[in-house]
């Protein structure tokens, strides 16, 4: 009876976010902000800085969504989530969108009741090893102790890889990127496996980065994408096109710096994109200026990439698969018309 | 809500009160109301959950248990590979939890008893050091201690190639502690059986000796003989098998040590953290137990001419244990429950495996129910033991 | 053991009583009374000599207090610089940077309130009102939204204020709930008794982490679609429900210790159940169990650190987050020692206080 009373009190008095079943976008607009799930421990993708301000590629993706919906990239709140919590947080409606380097898989798309939007980072799983091991490729890893994040697709991929190649492994699982890296540098394991982007980042922060090499083998495909609840098409479209708008802007040469000049552009594609020639906004149920706001406040994909994970950051990542299709990458946006 | 909860010892004396003031009727009404509300709450939560799961087409049920787990587990007492099922993976987790709990409890009791006695030492330095230790350890969260030990563990110890060898056959590196163990030989099964037989023999001997003492008053040196049986039987078995003494000595092969017995840093840090933390509480319990026995007991025992060993065995220990055992059991249970923090430092205990399972299958409800169920079983077994022990002690009291 | 110089022919006489004063006598009687103790003392001294000087050198002599991470890597000693360089994130977490004065004021208020309540002379009804008012003001300071204060949602709270909030609110809410559960468990009504026993034993049988998992992962699924409760509040609820079960058991011990005569006397005065409990039984029972209750509160305070596992940014998590920063990676001993010190000071103050109370109440 007391339990009952307490539960009722908790639910009634301390209720902090009351939404309504149905369209996420209406719900978000009523709330006045987007609630996003983020990583919290992944430098370059989602992590608070020393002032407590969120930084990262995933976080900026979330900000782009807020800019599209509200015209204000700051109208978003991030909740740090562990790997275990991330999908239930979305399923239960605690968050509106999950921007937490989640790999799109068939199982997650179907059984977990999720929908993945446009990929914001194409990754693949690789291996980081100390140079003094003198390894040429991953086939020589038989018997190795492997540092890996638990509960991820990486954990499954590496188990598959070793099984397929009839090799033995001993996993060391630590649920925190920083601790994992630390354990690896201290020599707790022979090899660290993770998404290649993270390997670069981890290598970059090593006491002596030159002592470590990333093996050439990429053993999996890891398309990292923001996720939304299954069955809400309008909201999925908004999230999807918020990511695509950043890609399209890069292709059109629109940056946060020149976006105001671009408003005067004679190019009909640019005019449609920036809402000078209306139509796109109405189609998505957003302000016509939505794409303009994304680019103005967050930047195009190239800018976001360089700012968070690019050459001038500790991660020093190449564009690689994440270059525009014109440059040999996979980033390709459908026409904005 | 408690108004009607009558604690009146004689409720049947009430007569001639109005219907609503009748305590019995009010009590029944309150209980029905309470049950109804709990039931309603349960139904509310259940129906919401079902609706939520259906709306989003989330898979349910324990069907996943028989699917292939596809993830590796770092250490296991039984054979396990990624091709095994989730059931087996979870079983590995349960066994790992039991392993850390068992070893941890043994070490905690030893260290805690030692600290408890040290706390009462007449040596000022020793008593103060023990007191400081107990206070500091009790006041720092166990999770923080685990983090600390884990980072400490691999930060100070060298890589396997430069492993420290404090004794022959023992290697310490940041891969853990590896030590030589006797190589497996079929006779070890018989030795274990002989040891068990020795224990049973010693028990029977003790019963017989006590009976004889009650009948004739003669004292039989049970301890020496029991020791002889318990150690002698396995030793004779070992000798009769030709005294196999080949050791499995760890050797650095490829990346890691092969052979010997390995204690991983995760296990080491978890064990160290749990033991050092819980021992502080056990020390306080032991101290209280010893202090609970008045000096008069010892003096009285001496006055009737008992020897020192007899005083300890027959007078002090039985009384001290009665004070010590109940809180000690609850500390053991605490240690077992705290071992669930292994998830934070990567030791594959049950919670850790279950949370990986939740993650890979997305079936959180099933996973968390399993966690709760397993720990409830542990504590149920412990309280069964406690009930049995309390009953036994209560008999002795008279 | 202690002999004063005297003539040989006088040894058979009764010796004068030895007065043990002075440092030397003290050493003799406390450290070197007997061969065994002398050996132990010497061994302990050697052990301390091996441990303490290197530690002092590392922690103080060679240490750096206000340097950059790179300077730290060059040095041998402890790098305490990690604390001042990141102190504001460690203490305040995600709380907006320019509004940090608000949690600071709230924490100072809380500490002064605690100090004020230490004195038993201040224990009266008005103290209760002071606390309620104080907590209300602290809440307003933290949350804002009125009096021209910018609103800061509770999901932005972090660091030390979060740790303190989880513990203080946990204790305040769990205590009455625990009393109710204890009364329920002692109730004569079988249904209520069973429910309370079930609840208490169920909660005490599982680790807190499983309840936190439940609050973080499952609880949202239990609510109707669209209805969500903030993560911090869910964790808070889990801590309250957990602590209440333990308090219930302690209070039950106190209730059992009250003699039957007290109950009967209260009944013979014609008091009803509520009056009997409120005026006669509970005041005595709760007084007996103050020391173990403080023990429960201390463990509740320590247990708030477990919210790390569900990614709430309490002080332990903010510290770990700083350690995840590439430049500060590897200085975990320093950072953990700092956090341990904070926990130690709080817990030590509480346990010391409980011991003092125990003495006062027994005398």
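Note that the chains are named A, B and C in the order they appear, and that numbering of residues resets to 1 at the start of each chain.
Everything that follows uses one rule, which is that a contact is a pair of C-beta atoms (placed from the backbone, for glycine too) under 8 Å apart; a residue touches a chain by one contact, two chains touch by 3 or more.
Just so you know, these numbers come straight off a predicted model, no measurement behind them.
Colleague: If you count the contact pairs for each chain pair, which pair has the most?
Modeller: Counting C-beta pairs in contact for each chain pair, the top pair is B-C.
Colleague: Farthest chain from subunit A, going by the mean of C-alpha atoms per chain?
Modeller: B
Colleague: If you average the CA atoms of subunit A and of subunit C, how many Å lie between those two points?
Modeller: 38
Colleague: With centres defined as the mean C-alpha position, give me the subunit A-subunit B separation in Å.
Modeller: Comparing mean C-alpha positions, subunit B is 42 Å from subunit A.
Colleague: Suppose each chain is reduced to the average of its Cα coordinates; what separation in Å results between subunit B and subunit C?
Modeller: 25
Colleague: Can you pull out the residues of subunit A that are in contact with at least two other chains?
Modeller: Residues 1-3, 7, 84, 88, 91-92, 179, 182 of subunit A each touch two or more of the other chains.
Colleague: For subunit B, write out the residues touching at least two other chains, lowest number first.
Modeller: Residues 1, 34, 38, 52, 55, 151, 155, 343-344, 355, 358, 364 of subunit B touch two or more partner chains.
Colleague: Please set out, as single numbers or ranges, the residues of subunit C touching at least two other chains.
Modeller: Where subunit C meets two or more other chains at a single residue, that happens at 180, 184, 192, 195, 213, 217-218, 221, 223-225, 309, 320, 330, 332.
Colleague: So in the complex, which bits of subunit C are touching subunit A?
Modeller: Against subunit A, the touching part of subunit C is residues 73, 85-86, 88-89, 92-97, 153-156, 158, 173, 177, 180-181, 184, 192, 195-196, 199, 213, 216-218, 220-221, 223-231, 233, 237, 240-241, 309-311, 313, 320-327, 329-330, 332.
Colleague: Using the touch definition up top, name the residues of subunit C that touch subunit B in the complex.
Modeller: Checking each residue of subunit C against subunit B gives 30-31, 33, 37, 40-41, 44-45, 180, 183-184, 186-192, 195, 201-202, 204-210, 213-214, 217-218, 221-225, 263-264, 267, 272-274, 276-277, 298, 302-303, 305-306, 308-309, 316, 320, 330, 332-333, 336, 339-340, 343-344, 347-348, 351.
Colleague: Help me check something: in the complex, which residues belonging to subunit A touch subunit B?
Modeller: Listed in rising order, the residues are 1-5, 7-8, 83-84, 87-88, 91-92, 107-108, 110-113, 142-145, 150-152, 155-156, 158-160, 162-163, 169-175, 179, 182-183, 186-188, 190, 229-231.
Colleague: Mind pulling up the subunit A residues that touch subunit C in the complex?
Modeller: 1-3, 6-7, 10-11, 14-22, 27, 40-41, 43, 47-48, 50-53, 77, 79-82, 84-85, 88-89, 91-94, 176-179, 181-182, 185, 201, 204-205, 207, 314
Colleague: Where on subunit B is subunit A touching in the complex?
Modeller: Touching subunit A from subunit B are residues 1, 33-34, 37-38, 40-41, 52, 55-59, 70-75, 81-83, 151, 154-155, 158-160, 174-175, 253-256, 264-266, 343-346, 348, 352, 355-356, 358-362, 364.
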